[in-house]
Amino acid sequence: MSDPAIKVQDLRVRLDGTRIVDGVDLDVSRGEWVTVIGPNGAGKSTALRAIGGLLPFTGTVELNGTPVDRLHRRERAKTIATVTQSPTVPPAMHVLDYALLGRTPYVPPLGRESATDLAAVEEVLESLDVARFAGRRLETLSGGERQRVFLARALAQGAGILLLDEPTSALDIGHQQEVLELIDRLRAERALTVLTTMHDLTTAGEYADRMVLLAEGTVVAAGTAREVLTEENLARHYRVRVRVIEGDHGPLVVPVRA
Amino acid sequence: MRPMLVAALAATTLLITGACGGNDEATEPSGSTPSSAGAAAYPVTVGALTLEKKPEKIVSLSATGTEMLFAIGAGEQVTAVDDQSTYPTDAPRTNLSGLKPNAEAIAAKDPDLVVLSNDIDKIVSQLDKLKIPVFLVAAATDLGGTYQEIGDLGTLTGHRTEAEAVNAKMKTDIDKIVKDVPARNKPLSYYYELDPTLYTVTSKTFVGSIFSLFGLANVADAADPDGARGGYPQLSAEALVKSDPDTIFLADTKCCQQSVQTVSARKGWSTVAAVKTKQIYPLDDDIASRWGPRTVDLVRAVADAVAKVPS
Amino acid sequence: MTPAVRPAGLRAGWLAGGIAAVLVALVAGLAFGSVALPPAGVAIELLNLVPGVHLHSGLSPREVAILTELRLPRVVLGLLVGGLLALAGAAYQGVFRNPLADPHLLGVAAGAGLGVTLVISLRAGATGDATANLPIGVPAAAFAGALLAVGLTWLLGAAGGRDRSPATLILAGVAVSSFLAAGQTYLMQQHVETLREVYSWLLGRLATAGWHDVLIVLPYAVVTAVIVLSQRRELDVLTVGDEEATSLGLHPQRSRYLLIVAASLGTAAAVSVSGLIGFVGIIVPHTMRLLAGPSYRSVLPLSVLFGGAFLALADLLARTAGGQAEIPIGVITAFFGAPFFIVVLRRGRGGAS
């Protein structure tokens, strides 16, 4: 059996002296979509950043069998791409140039982007339906359009593993669905492994193959969406009253008043 | 802080160049006798400077240098002086600046000798590159320095004898003035004001050395005993009032409109001896800030002031 | 695919424009000055600089000296210093992601100023004359002071974490600058007679004789240019912030370190020969950004070219517009720089992307 795309053992992360992530184990097989959920402050984003190699941590994080901190930076960027919760929008930058930033690990130190790089980016922009914005400034796009451009940069990295931190938080209900559909389609087309954090639970269960529920820095539930999204789990950790309804693709969570 | 800086800058400017205005009670510049006075033998050398022949197109960027040149009879050889050279009034003033010298503008006058008081913005090396001879008359620290510079200018311009005559006359005049002032059993103290923010001089400066001729004691000496402040300390009002000077000399009458009235009106100064006896003496800013032949006038002004003080 | 959207980069048109600007500044700087020289004579004398060429130009030896010993080195110095300051400013703006960053940011100005004041005060104390012919002391003191200040800022910046975030460095720079400037003010106050000389240095000047100053600055200019220009792509990537840049495979701390070292060295060298000339380092990069786009691949090289041309032309004004005195160059750059920048800013806002 080949290595899982992501293998995390006993992950601990300290920020400003506080233990944010306190012993997390997590596996993501190739091609899987795993969603990490949990209440605010559970450590989801921090764990994701550590897995992406962006924060110092103790424990083991292996990508395709290699420890992430042993990978050379450029190698790591070609292996795993992260889209943060609120990516910086550089002023006056065109969409094409922003997406081209994703090719950074391929550009030699004193060199410039090659024709291959340009072609790769153009292809990605096409498949995300943002090619027509190529000459537009990033800040002039709408939220939904921008989110797709952020994704385009990540895909341009050509990495097999995608980490998405709250990919739908800033979007309206229509765009949320659109982005999740897009990610699922791309996952199939490009054989990507996807690890996301999600804060909105309503439709999260329809897209994830497996879920991990984090609370106070540790894993309190893991398994299929059906196994994790139970009224009892949610009441205990989110302190919310919900009804879980079985949808066509997975459980749907609906908060209800008492 | 800024007003202090501006005032101090004004003070330094005064020290180096002097404001405008002239004074009629001046030592007469020697008549412009053509070069009959002592056939100077060229080439002459003063320090590192050698002149092959007599300079006929001198440019002076120093107000004191200008005064010296005209006093020794070299006035006819001067083609241009800077904008601060206010004396003598018939000196050929131009817009040239001694403070922000422009090498090309100076070169445009085609000088065969340039006289300066400071080397600002590498002007000396710029003029050297153009092979223009430069002579520096730096601010003297005592009368000996003044006589030396006058003599050197005399040698360079071919007026050595007149220069020596000017020096001799200055020495005699000064000696006479000093001797005519009756001695006192208790020396008078003085405070010399450069600007209203109480910048002053110590006795180790040129001006201070003049006052020392009369045995006057400088109240500012305590503030800068080892000269670490370069001789121009700023006093605090408290320290000044406590030192209780017998006389006050004002060198900021023109720049900063100080006078007997303004000083007497200063809060907290009414107990100062000089204020009580109205022994406050305004000086001409120009004369007080230069170190040329008109220093005699400064000496005379101090003598007059001292003589008026009852013993 | 929608046609004709090209990735950001230096367009040939802008590059040509930059080179043209430099040539115009060079020619104007040589042709004009307080002394009117016949243009034909000037051209011939410049040809005579080529070894083996001896043509008759009709200029007197003094005029030739004015041209080749005063004007030519001065114009070249202006081009070098202007280009260097603009490049350093652009680099700092990229490193700190702050449009208000200028080359004097990390304490360079305060450190150099303190060094200069110290040397002049010591000189005054020893000889009694603050304006006595100051030897190499002042430039070396300015250089050393600038570098020490930046070093101090770098050390202090570690207080916020080993990563030395841009924000922490800026704060450290402010702290170090304030401290050193206070020291300088104290010294100046204690040695009032130094004020004139220090003030003159503070305002900046390009007055120079011979090639000595140019030769001092040249190696630093080359090193700075090579290092900073080599990081142009990295600067573009850094605009998305340290964390995202890391995820893209960059080493933000290393790029930052290289850029700060190079830019500070270059600025210290410029400051040591020409004093504190403001505005060039902040206005020129911004203007280039507004006119030619935000990518550092155009902003950096264009800043070098247009920064040099700007300063050389400003210096031309400094030595001809003041009658027979010189106007301090810092006054010219501020006077013309500010309104020009306002014009460009308004145009940039109104223009299309």
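The first chain written gets the first letter, and so on, giving A, B and C; residue counts start at 1 in each chain.
In this text, a contact is a pair of C-beta atoms (placed from the backbone, for glycine too) under 8 Å apart; a residue touches a chain by one contact, two chains touch by 3 or more.
None of the values given here were measured: they were computed from a predicted structure.
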**OP:** Could you find the chain whose CA centre sits the greatest distance from that of chain C?
**Re:** A
**OP:** Averaging the CA atoms per chain, pick out the one whose centre lands closest to the mean of every protein CA shown.
**Re:** C
**OP:** Between chain A and chain B, tell me the centre distance in angstrom, where each centre is the average of that chain's C-alpha atoms.
**Re:** 80
Original post:
Just curious, how far off is chain C from chain B if you go by their C-alpha centres, in Å?
Top reply: 39
Original post:
What whole-number Å value describes the gap between the mean CA coordinates of chain A and chain C?
Top reply: 45
Original post:
Using the touch rule from the top of the page, what residues of chain A touch 2 or more other chains?
Top reply: none
Original post:
Which of the residues in chain C come into contact with chain B in the complex?
Top reply: 33-35, 61-62, 65-66, 69-71, 121, 124-125, 128-134, 185, 188-197, 199-200, 205, 207-210, 319, 322-328
Original post:
Which residues of chain B touch chain C in the complex?
Top reply: 1, 4-5, 8-9, 11-13, 15-16, 83, 94-97, 99-108, 110, 117-126, 128-132, 136, 138-139, 141, 199, 227-232, 234
Original post:
In their shared complex, at which residues does chain C touch chain A?
Top reply: 1-2, 5, 7-9, 230, 233, 236-237, 239-241, 243-244, 246-251, 289, 293-295, 353
**OP:** Spell out the residues on chain A that touch chain C in their complex, using ranges where they run on.
**Re:** 49, 52-54, 73-74, 76-78, 81-82, 84, 87-88, 90-94, 96-97, 100-102, 104-105, 107, 109-110, 112-113, 118, 122, 126, 131-132, 134-137, 140, 157
